[in-house]
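After this come two complexes, each holding chain A, first together with chain B and then together with chain C.
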Partner chain A sequence: MNLLQLSLLEQAIFVSAALILFVSFSLLAQRRLVASIHAFAWQGALVAAVAALVAAASGENHLYMSAILTFGLKALLIPWMLHRLVRMLELERHVEQLKRPALVIMAGAALVIFSYWVSLPIGRLDMAATRNIVAISLSVVMLGLLMMVTRQQAVVQVIGFMSMENGLFLAAVAATHGMPLVVELGIAFDVLVAAVIFGVFFFHIRENIDSLDVDRLNLLTEKEDDKP
Partner chain B sequence: MNILFLAVFSPLLGAIALGLISDRKTAGWVNIGFSLVSFCGAILLAIQILKHGSYTAYGFHVDAFNVYLVLLTALVGMSTSIFSRPYMAHVSDAGKVTKKGLRLYHSMYQGFMFTMMLALTTNNLGVLWVAVEGATLATVLLISLYRTPESVEAAWKYFILCGVGIALALFGTVLVYFAAQHSLVDPDEGLVWTTLFESAKDLHPTVMSIAFVFLLVGYGTKVGLVPLHHWLPDAHSEGPTPMSAVLSGLLLNVALYAVIRLKMLADGALASTDNPDLPGYLLMGFGMLSFLVAGLFLHRQKDIKRMFSYSSIEHMGLMTFAFGIGGTLATFGALLHMLVHSLTKSAIFITVGHATHIAGTQSIDHIRGLIRTQPSVGWGLLIGVAAIAGFPPFGVFMSEFLLLSATMQSWPWLTVPLLVGLAIAFAGLFRNIHPMVYGAAPEGQKPVKANMTPVVVHLMLVLWLGLAIPIFLSSWLDQATFLITGLHLL
Partner chain C sequence: MADYLNPAAWIFAFIQALLFAAAAPLLVAWVRRVKSRLQNRSGPELMQPYRDLYKLFGKQAMVSQNTSIIFRAAPYIVFCTTWLAAAIIPLVVTQLPTAAIADVIVLVGFLALGRFFLALAGMDVGTAFGGMGSSREMLISALAEPAMLLAVFTVAMTAHSTNLSSVIEHVLNSGIILRPSYLFALFALMLVAVAETGRIPIDNPATHLELTMVHEAMILEYSGRHLALMEWAAHIKLMLYGVLIANVFFPWGIATNFSTSAVAIGLLAITLKLILLAIILAISETVLAKMRLFRAPQYLNLALLLALLGMLSHVILEVGT
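Up next, the complex of A and B:
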């Protein structure tokens, strides 16, 4: 694929998609909670930008709607909610100790290569452009998953979860020019409700274990003497 | 068709109405009322389908495959709501749940029923995803209803694991849509199941197989397939018992239903390639693994609800395995097994709910002498377990027998692990159940107010299905078999 043959709009789509992946990596290694939330907001804004750019490039007007919806939800509302929760839980200065950051980043890079490998056959079906975006969105999903696995802090896990959603939305927008409207609204509704419920959970968890370190949620196991 | 809307949307109205009712006694009855309305709607819908065949309009699609599941869902939803009224009253008398919590419980019970009905009847894969995710959202706060550290942990695990799983399913759905846009005449129809099914052979095989892997892992998390099952025993054991009954009896079925609908598309797309059986092999592998692992774990359980949730994993594994084999006999058996397992398992959970109230604990070691204390509960549990373990003449025996014969036909050597697994599970259940129902009751153990009607009805139905399957049902199952495999059994 020769990048110079693409129109300016398409090049902008690629740059934004690459930036989304970059933000995913920065989330993976970010120790400060508030900075993570900001990075997540930027990722949401970039995803919305991709939606708007794809709309402009393809002339599919309903994508402008999804761009606005995504911007409102992922770049403004959910980061704001998380920020408010962090303030209420008095975690603004929370700095997490990362376990083996270099290894995690390497694993992230490996996941990106894996995602490219998985999406190889998709490229044969379509122009190489789509393959790149599908691979990037799968990488973002995988990096979100990795973040949830490697981190113990509940708020950070939720950010990982939401950044997975960003990856999914990117896939939907770039590969298929957006899902049908009813589905998109349904997904947005689900994400919003999930964000609210996560907020409720932070308080429940804190009430019970006096911290938001989910590693301490270890009462339910298959050990013989698990129950008092 | 207004009847369909009655069946699907009355739980939604119920969720809204129950959100407004704060009186606990009224809420219990209203909950039953809405479930009854939905059940009547489902019966009328079934009669319509019986008369006129499958129905597709307004983004809904009802055919032989899902109509019997709609009926089953509404029935189990109704009988569990009948059980839930006195059960939750007992719980709230014991001070385990706040008034606000109870209101949330009733509202979200109906909310959950709505998502189940919507997932079953929708014709749109995207809406299916939204509904299955909605089911998680509706139930997650109910798992942690008692606010104990264990229940909060179980709910968090449930939320995170199912959330991640279902996110992968959405990626699979996007890939299906992507494949559809490259082959369908009208790309806007790209998520409509009936359209996709008609042109399944034109869908790009490689993309569809990648998509199917994501969808299987995603919805498979909800089915509780090993190794994605970790949320299931926790959520079942820590939530209120009516929730365990509907999760085990309905949610797992609906998730499996989604997997099978998508397998039908993947099968069609892969039919003319080198490995047309890839989806089937995947299902067989996951199914067999779940079946065997869950059977072994049954032996280690200390908590009665946890034990029965492992039994659910075991049975879901068996069904998944059977759908994976894919012949007419195996598919027919698996469809029947979905039905009888749901009925039996929800009956068992209802009985277990009463048993834990009698003993005041969920620990297997401390539940003793149920038959002495309250014969109806003791016998209910014993007969329920006999049914789920696959004793003749119950329906589970019939379906398991069909599955074994089907395995014998196409994969003779796999009958050995299957039989061994059934024996292990049987032993695991009975070594725990025996001391609970027989034996001397502890001093001062008193009977509780229990409504055993739902249990009796469910077990009678299972018995009936074991002795004779009514014509309309067998013709539905046969049509569904035809839809899935392309051949009639009967």
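Up next, the complex of A and C:
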């Protein structure tokens, strides 16, 4: 398949998908908590843009609905909730020390190559012209997973989890023109409820260990000098 | 592909190289002027870099007695390699014989050769500043070069050629097409260009602030015609990156034959593109502050990541099955 055979709309879908991948990388390397939330909001907006572009390119009107839903939820509501949480937890100026950022980025690039290799057979299926995006969405999922593994801060781990969901949604939209609306609504509320529950959990974690550093959950005593 | 036995084409290539060297100080002056206007200063006149060069060529070149032949040879080598590299890039016309005999890898090689001698000359005098500047320059270039090569390879993979003329003609012929790989390669190349030409987040070309300078530290001991050649080479290098970015990613307007009207349009187009690029550079230099040297690897890692993503998105999204 050649890019020349695609319409300008479909090319725009490819560009947005590539930008989503870039935002995933910037989430992976972002030290500041508030900036991570903003990057996550941008990712949600780009996913919504992909849904809208796919709707425009394929003429499937129900995708406009899910684009609006995604934009409202992932680009506005959830980032706003996270922002409010961060403000209530007084973490606005929190800067995390990343362990070996360059190595994490390289691992991320390796994961992208792995996702491409895994999803090569999908390219041979007779699906939508935008099926190549499946590799991108799989890498967004993998990068979200990597982010949850490498970070210690609980809020950032939740952002990684949510960006994994973005990747899944991208795959559904790009490869099969979206899921049935009932399923989409279900997932949307799932994510929303998850965000609320995570918020409650943050307060519990902080009450118990005085910090949101998840690594400290492994410690058995509360004494500071036990820390390595 | 250009015919490299055509004498008219060689004359054109020669004129174009001369034009490159003659226009480079003007571009630098324009960047300075826009920048000073943005900062509410009146700024120097557009002819000022020419006057500076003229003045420096007229002055006696002082050479320390501790230096070896390298110190005296380096300005000529740096100037010649930068100029030769500039001659490879199609400025107004694509059908260049110089672009046919040397591709983009040669371009990177020329720049690396020039940088090597620049760093040697910085160390040759034996002053602390020169050595410090050289070590910083090598740190930056060691990180910037892979990013630049990756960005260039991304573009070359789409065109199936590393020859700049063919790349530009390929982009011209494929019409308006949104490529995610080009987007990433463009941003990567812009970041690399800023780092390599010593512009603001990496190095400040306007000051001799002792602790932070990179390029200025290496040429601190030069005077007279040697200094003029070094400065001129730096001007050409800035223009080289500008033309490379403008003509590879936005080639519209460039002449593909030697007819007068096409060449006139090409000249006008490249002038407009460079004016716009210089304004973007001036704005970014006004908005950004200079980074600490230890943050330069992060900045260049971003460039490398962008170039890598460009290549990956080319393979994943644009080639397909």
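FYI, the second predicted complex is superposed on the first by the 212 of 228 C-alpha atoms of A that agree within 3 Å, B and C clash if a C-alpha of one lies under 4 Å from a C-alpha of the other, contacts with A are read in each partner's own complex, and residues count from 1 in each chain.
We take it that a residue touches a chain if its C-beta (ideal position, glycine included) is under 8 Å from a C-beta of that chain, and two chains touch if they have at least 3 such contacts.
The structure displayed is predicted, hence computed values, not measured ones.
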{"item": "Clash or fit, chain B versus chain C on superposed chain A", "value": "fit"}
{"item": "Touching partner for A:22 - first (chain B), second (chain C), both, neither", "value": "second"}
{"item": "First (chain B), second (chain C), both or neither touched by A:68", "value": "neither"}
{"item": "Chain B versus chain C as contact partner of A:183, first or second or both or neither", "value": "first"}
{"item": "First (chain B), second (chain C), both or neither touched by A:11", "value": "second"}
{"item": "First, second, both or neither for A:95, with chain B first and chain C second", "value": "neither"}
{"item": "Residue contacts with chain A in the superposition, chain B compared against chain C", "value": "B"}
{"item": "Which superposed partner A:161 touches (first chain B, second chain C, both, neither)", "value": "first"}
{"item": "Contacts of A:136 with chain B and chain C, given as first, second, both or neither", "value": "second"}
{"item": "Closest approach of chain C to chain B (Cα atoms, Å)", "value": "16"}
{"item": "Common interface positions of chain A, toward chain B and toward chain C", "value": "124"}
{"item": "Partner chain C, residues of chain A touching it in the complex", "value": "1-4, 8, 11-12, 14-15, 17-19, 21-22, 25, 101-102, 105, 109, 112-113, 116, 120, 123-124, 132-133, 135-136"}
{"item": "Chain C residues within the chain A interface of the complex", "value": "174, 176-181, 183-184, 297-298, 301, 305-306, 308-309, 312-313, 315-318, 320-321"}
{"item": "Residue ranges of chain A in contact with chain B within the complex", "value": "118-119, 121-122, 124-126, 130, 134, 137-138, 141, 145, 148, 154, 157, 161, 164-165, 167-168, 171-172, 175-177, 179-180, 182-183, 186-187, 189-190, 193-194, 197-198, 200-201, 204-205, 207-209, 214, 217-220, 222, 224, 226-227"}
{"item": "Contact footprint of chain A on chain B as seen in their complex", "value": "59, 124, 126-127, 129-130, 133-134, 137, 140-141, 144, 147-150, 152-157, 159-160, 163-164, 167-168, 170-171, 174-175, 177-179, 181-182, 188, 190-191, 204, 206-207, 210, 233-234, 237-238, 297, 300, 302-303, 363"}
